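Shared between the two complexes below is chain A, which pairs with chain B and chain C, respectively.
After this line comes the complex of A and B, so read on.
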């Protein structure tokens, strides 16, 4: 590994950017205790440097905390061992060659703290202690690399397996016409959960292989429709999304109060939202207009006293189709864009 | 210009989990308190400036893949909204400054509407 400071001017390709950002995130998410080597091989101050040599060789380690009566009193590294060898003094006690002022790390701290210390002090390993200051392990840059790789592989596999499963749904299940239906119940006035249905739908579409553009258009349309149910209905309503390889049909249904004048409701800036709702930033009178902009086809049917039904359709072009029923060339293209 | 530069120069408080802000380069900026206008106007990877602080800004930011939300005039989201933002990977930043000033400073730093 490079010992130099992290360069600010490194060149990152678009493809690598996602991965690097995730690695950096992991440096904050992973705890030192999750990646350290535990328990650490330890030595005592009265052991000889020749014992240290044997330990380093047999255990394949390059440093060890020095413990006396359960307390951390120093650390001995391969550099100390080399000094003893050069001075032909491997019979000397560990206490003569060990480094006494030892910086320690807490097991509960994020890995970034270890990286910072490694960069600042240029040491190769640091003892890890628990909150009470007791030694629980040792960490090297190699431990961090392994821990991050493991976490990345896990992340990658989990999401890839989900995407793989979802993308093959349409080709694995044979019928004359296969569709996937997602249903959500929306409660009136439930602002705390506003946007949940649209987030879930957007994620489902991405897993099914929808392009970010299609997922975004559906997300926006459903969000506006979902918020309309929360803000304007008497008893809430339902969101229903039917996904087929070639189209996405989204629908919201409620049982009132109904829209008096649909043309007026479609006019940008017109809103019947009460002030309390406007204070939250809703009721701009843009919702239906936004939906119209995002979908290919929109149908709004409403009867006062009966309820409202809004249907929105997005048609997928041949190169945007969901599932893996597309041509091999398309698949190659899609795999090429998997780093998005 | 990275999010790190913006956080430093505008002295913003980071409300959500710390991450590598230096690796995030916002593409553009947008300012409005009306969520539907944001839905219509904010581009992907943009920074959204608003004084709204309720949980729905997180939903909007997530649906639009925004880089970050700057909440102005010291408005403070609920802990539940912050938790939701962490879950969705949305960055929430806070400042006592008004939206007008924040937008002006971002423009001075070179951020545009694309």
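After this line comes the complex of A and C, so read on.
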């Protein structure tokens, strides 16, 4: 469990640097048992310090728990070994040089507990025990660093794999016309979650290979529309996004109150939003205009008493198409074949 | 300009953790209306604002804002800070007002990323 595929030459890329906050989360998520070295190299109290020297050298460790009859009785470290060497006394028994008051950690505790102890005590390693107090391993700061890096690399690869899969979705599934539909329910007045759906949509588009510009235009448009459902409707509404390689169609639908004068609603600065909404930075009467600027086509349909439907379309140029990593020329050839 | 230089210039207190302090910031924008940000800000900008609802973080995410500075010592709720950590958007608070901060940053060479109406 402790010997993961960590390579010494691993460099932290910009992508991984963005995961630094994740390190803090991982300190709470990862268990000591997941990152410790197990089993630990141990020694007995009656071994000689010269044996310890040989062990440290051969096993490349800098400390070892001292065990007598299956019980943890102490810990011996490189500092103890140096003392024995200085005193020219490597023939002495481990029991003469070991530290007897040993703080232990439980395998089931989060890694943050180990970090706290390392900081508070300045020791370099601590024995790890199970719930019954039996030694199950040893942990150093190096073990924690390796464990966290391994977990980060895993996270990072997971996102890369997700992107890769999503990008090939449209290629992998064969149909005359493939599309992906995302649906979200939006509650009226739910400002706390306002923008969550838009955030998921933007992320999905990035995973599907949308350019930052396309993802941004879609994100801004759908966010204004999502906020309109929260602010202006009676019962909330629905967000629906249909993604195809060549276009993205986003839609919001609600069942009231409807818009009386659509031209007026589209006029920049016109807003029926209450002051409470203005305090949140919305209700400037610019949303629909913003949407219009971001998308290629916009249709707003509304009937008072029935509800409102807003459709927003973005057309993707050949070099912006989603879910396909092949060159535009390639794609033209294949599309030509499919349409015969 | 790098984010760390901005933090110094605004004498800011950083509210989120774990972001890259060397992150480049392309320019600045000051706004209290989220629709203004969504409409008139270029990607990669620093946003100065007096508003501190969760919507500021969502708006920043949609508009690809590089970092947010809350003016006049405003502080968002813990939920909003948690959201910013999750979406990896740095939050900074400064005791100074909007005019003062825009002036300092502009003078130090951070140009405007606001597009005129």
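Throughout what follows, the second predicted complex is superposed on the first by the 184 of 340 C-alpha atoms of A that agree within 3 Å, B and C clash if a C-alpha of one lies under 4 Å from a C-alpha of the other, contacts with A are read in each partner's own complex, and residues count from 1 in each chain.
Note that contacts are C-beta pairs under 8 Å (C-beta built on N, C-alpha and C of every residue); 3 or more make two chains touch, one makes a residue touch a chain.
Bear in mind the structure is a predicted one, so any value in this text is a computation, not a measurement.
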Considering only touches as defined above, state whether A:253 meets chain B (first), chain C (second), both or neither. neither
In the superposed arrangement, does A:72 touch chain B (first), chain C (second), both or neither? neither
Please indicate which partner A:198 is in contact with in the superposed arrangement: first for chain B, second for chain C, both, or neither. both
In the overlaid three-chain picture, which partner chain does A:93 touch, first (chain B) or second (chain C), both, or neither? neither
By the touch definition at the top of the document, which applies to A:286: first (chain B), second (chain C), both, or neither? both
Identify the overlap between the chain B-contacting and the chain C-contacting residues of chain A. 17, 20-21, 24, 191-192, 194-196, 198-199, 202, 212, 216, 219-220, 223-224, 227, 280-282, 284-287, 289-290, 293
Going by the contact rule at the top, pick out the chain A residues touching chain C in the complex. 17-18, 20-24, 191-192, 194-196, 198-199, 202, 212, 216, 219-220, 223-224, 227, 280-282, 284-287, 289-290, 293
Help me check something: in the complex, which residues belonging to chain B touch chain A? 17-20, 22-24, 33-37, 39-40, 44, 50, 52, 54-60, 62-65, 80, 88
Under the definition above, what is the set of chain C residues touching chain A in their complex? 16-20, 32-36, 38-39, 43, 49, 51, 53-56, 58-59, 61-64, 79, 85, 87-88
Within their complex, chain A touches chain B through residues 8, 17, 20-21, 24-25, 27-28, 191-192, 194-196, 198-199, 202, 212, 216, 219-220, 223-224, 227, 280-287, 289-290, 293
